[in-house]
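Here chain A shows up in two complexes: once beside chain B, once beside chain C.
Up next, the complex of A and B:
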């Protein structure tokens, strides 16, 4: 909303200034300003409409619904206050789902480090590195459903390539798809693999932005390439590291589709289900929309807290420029 | 002025960019229309067809437009499309908009349509949802229609299959009728005749039925290296035949800590964990028993009548059906049978046409014939099942294996008779531990009794809140 009123303020201030210079100029300026204001409004309109229709309105509805016993199939809803939240905190399944969701953060350090290494490799002008860039990026743009089908086949406990390969070394591969602990590990591996490409693209962009003069100066001062990496490269790309951390943590906390596709009912003992999966089940399998809204809000607040904490800590290590 | 037009254009472009994603998907649907195999495309093309038909025929009496929503594989969709054409021919004033939704999305979509007040006039209704939808006033009471219709004779339909769609306010089984069975699927035991002959096992007959011990003995004889004797045995069959159930008769208390239940449960688990005549859990996840059977590496397996086509097409050996073994304690046999229903929305503006449509689709003789000759299901009409179906010159020889379930000992699954199924998923979430021998059936049943009861209480509570 602030953005909308700014031009207006400016308009008023300039109008006051123009008063001294005579009416004619004011009139001309005024209509020009009005036109500009209208144009400005038009420009922000699409974003505003989107924001209001797809974010603000649903959020308000969700807050309202979370305090009712709304069942999708029943027309009338009763106000029940915070009962949904109380019930949510008492539900052991919710806490299992929270633990599983935290588990899904595991792949982040792996693909961040590997992504950076890949980016460094691509950054050097090596023959054929364009081909590699495309290859890295491929998993990210592939349809998740296709990937899951492929992985189900790869990780099949008897005929899958992974267990066959392990068998060559005399290791008996685990029951990836049947045992929830291993299914979770498999999802971690899959997400790490999928995300390396896009992460390395971000890092590559950041690396290209580090001014070469720093390296030149460091070379003259006699710094080796390892020192250069830790003293120049890493500090210079901390903003992108921070950005990726924030976005990826939020993304990982919202893991859903892998759980839905790899398991039925969240796996044995609910061992693979994430919070989003829990919410989805409540809303669309058990028609408890009000309860699901409450769960979604609680989870939203949790994510918000995590992200705020990250921002708070970011002062300590993110380089913001001179 | 020019500036303003430019602004407008830019804004419009911006808006288009924002909705870029939406436009793209629309394009996809359009191009997919030629590909009649994709579900979405079918929806789309069917819509356009019926719309055109609707527009062409404005001259005569007022056209009634019905929406009909269902799921199904290609052959089922094709069958239904042909039936709908036949219906439109018989009732020229009605045009039907047939919407096909992917099976996995169906219930979600249906619930959202109900929430938005846009439910189709007629639709598929899975048996698990009958109670939920009927109790919330989302199904039209078909009782009086069924008695006074001229499309079919209700006495000629499997009584079991009709009665599961009755709901009296507290439970299924009697009361007003809320849906018609689109199909019935009997669950029986299929066995590999070649393996039986090789192992010297004589299958049971009507005069000489098997009990669990005979079944186990046969499975042990059949198990040999690559070949397993049996798939995991049907829990329902074991538990019910032993005179037990998951819940008590009122469906409000868990009853699976009963020794009779535990005994049956342990019998099922022992097949895998003690006697090793059924594939292990990891073997099962890597190759389902269903596929293992088709490959000729499994002796016996519980199978639904819907699998007939696969058995015809994939088995390179002779197979036949047997009745489920009886419990050695009671001498009784039992198993579940499934069905999907066709229902009408009470919000429909054309109730009579919608009722006619579902009756036509459910009991049309040609359609029934197509569905059993293509191996999709057994006929819903009794005279046809005992007549031309039983005489059909195709496997299984013992077609009574399916028919007995429908006529005699088949039951509606316990979880379909409660308001929601959360307690059921809770019970099942850890049964693998028993099947794998990590826990005894008794330990497991004791350990989950409280949490399952809590969820069952919730289900009962939700149902009560609606009355």
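Up next, the complex of A and C:
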């Protein structure tokens, strides 16, 4: 009896059956998996096509072109290595443009502080804060061309509303559009004005995430609201401050449209032109494609370095949670 | 009691500061409206007239009959519709795949796509122009439509985050029921992403409608100008003697669609700005 019914035998049979079943499942799973992978690949195709055709290809072309003297008006292009970069660094106009570009960072502290204050007010549920929010976001959603045209009219030196208002206080308004120094200041005011609303959205979201327990504990310990703000609120929202700083600095360094719309030829003595404006002019006014590509790459590396530096400095002051 | 009144005073103070800020935000736009309703010679009146008497709609009539603003609006609408329909489709499709499906070397591909956000636009601008010249896309609307129709990276990232938050069991259950992947995407996941999709559509529409850089560089044919370029040209055309009321009327028309959308879909606007804003 025992010989007929061998436990190992039974076990083996069971195992074999199970194995077969498992194979079927695995095979079915494999075919399903293949199907899924095929579908997945198909679904990401548009993103991939875009990545290759409109990012990778232009990027490679840019790197290649930057080492040639490619000019649309001249038939031949020659390989000249880093000559373009050397020439770029020798061009005084480029350095003027760099200085103006750094100037465009000026609105950032203004709208960050004002945005934070506005967010604090909204957080405190001041009466009518919903209406105010709509008003404050208005400039951000408007088209930049329309805004610039409006500002050109507002800041018109003779008939503009701003100079007339200044006149009421006995101040003679400057020639905003004619003097490059004042044009730059006007752009700074405009960008700050435009960005307050959107900045406050981020701050408001961050403020809502600060646990109320901290404030309750601080109140029990007798900390005033100013102390609470600097010791609890500010440290808790440093991550969003850091994020906004990074994104805004990258954005501000790429200021271009305002310069193009407010000035012709970058303003007197190139006084308003930014780096992007410089590159744009080289490419589309002088047709120096190779040179423009080299300048664009150099500028891209500069932006990257600034961002890396910010990340490096960030662990000194950004709160990372417990 | 004293504390209470102190708090009330502070609240009032904050309210007035907010009011002042709100006025600086909105007064320029009111001035735009007021100017657009003036006769050309009334514009240079000192002190300025806030409510024009008589209100003059002539500028708007002139705008639509004498300038090419209609073709500008037409082109902007064409570009926006194409980008919105195709772009939203391809963005959400690839977001779905990246969030829920098994794609060969998914993480690598995703990182690649993300990395394209790090490169400043100016690096790609010149080579793109060269490529478009080679394939004869300059002076057509194609450079404005085709790349954007293949999706937007930041939106894809945002939608992928959103879809990752949805339960994967939905996918498994649908698979067991023998549902195809495309069907799973459009009948299960897409409807669940509705709020995110609306935010996405609004954001893309805002970006496309307000875009000036692309149309300015890639389109030099006045019949193919989008609305933003048309109003810009209106201004520079008569640089010495700009017809200010006309330009203000045109600017107002350029802002209007977004403004209406903004007032009606405020919540979605705020959501989407919080996710993808700060590009401008």
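To be clear about the criterion, the second predicted complex is superposed on the first by the 262 of 322 C-alpha atoms of A that agree within 3 Å, B and C clash if a C-alpha of one lies under 4 Å from a C-alpha of the other, contacts with A are read in each partner's own complex, and residues count from 1 in each chain.
Please note the rule applied: a residue touches a chain if its C-beta (ideal position, glycine included) is under 8 Å from a C-beta of that chain, and two chains touch if they have at least 3 such contacts.
What you see is a predicted model, and the numbers here were worked out from it, not measured in a lab.
Given the touch rule stated above, what does A:50 touch, chain B (first), chain C (second), both, or neither?
Both partners.
Of chain B and chain C, which one touches more of chain A's residues?
C
Mind working out whether A:73 is in touch with chain B, chain C, both or neither, as first, second, both or neither?
first
In the superposed arrangement, which partner chain does A:297 touch: chain B (first), chain C (second), both, or neither?
second
A:154 in the overlay: touching chain B, chain C, both, or neither? Say first, second, both or neither.
second
Quick check on the superposed pair: does A:270 touch chain B, chain C, both, or neither? Answer first, second, both or neither.
first
Quick check on the superposed pair: does A:124 touch chain B, chain C, both, or neither? Answer first, second, both or neither.
Once the two structures are laid over each other on A, A:124 reaches chain C alone.
Let me test your reading of the model: by the given contact rule, A:39 touches which partner, first (chain B), second (chain C), both or neither?
After superposition on chain A, A:39 lies in contact with both partners, chain B and chain C.
Once the structures are superposed on A, label A:287 by its partner contacts, choosing first (chain B), second (chain C), both or neither.
The first partner, chain B, only.
Take the contacts of chain A with chain B and those with chain C, and give the residues found in both.
35, 39, 43, 45-47, 50, 158-159, 284, 289
In their shared complex, at which residues does chain A touch chain C?
Residue list for chain A touching chain C: 32-33, 35-37, 39-41, 43-51, 53-55, 57-59, 61-62, 65, 114, 118, 121, 124, 126-129, 131-146, 149-154, 158-159, 161, 164, 193-194, 196-198, 201-202, 205, 244, 247-248, 250-251, 254, 256-257, 260-261, 276, 279-280, 283-284, 289, 292-293, 296-297, 299-300, 303-304.
Which stretch or stretches of chain B touch chain A in the complex?
Touching chain A from chain B are residues 3-4, 7-8, 10-11, 14-15, 18, 107-108, 111-112, 114-115, 132-133, 136, 138, 281-287, 420, 422, 425, 428-430, 432-433, 451, 462, 465-466.
Can you name the residues of chain A that touch chain B in the complex?
Counting only chain A, the residues touching chain B are 35, 38-39, 42-43, 45-47, 50, 69, 71-74, 92, 156-160, 175, 177-178, 265-266, 268-270, 284-287, 289.
Give the list of chain C residues in touch with chain A in this complex.
11, 14-15, 17-19, 21-22, 24-26, 28-29, 31-32, 35, 43-44, 46-48, 90-91, 93-94, 96-98, 101-104, 106, 109, 112-113, 116, 118-131, 147, 150-151, 153, 156, 175, 180-182, 185, 206, 209-210, 212-213, 216-217, 228-229, 231-232, 235, 244, 247-248, 250-252, 254-255, 258-259, 262-263, 266, 269-270, 273-274, 277-280
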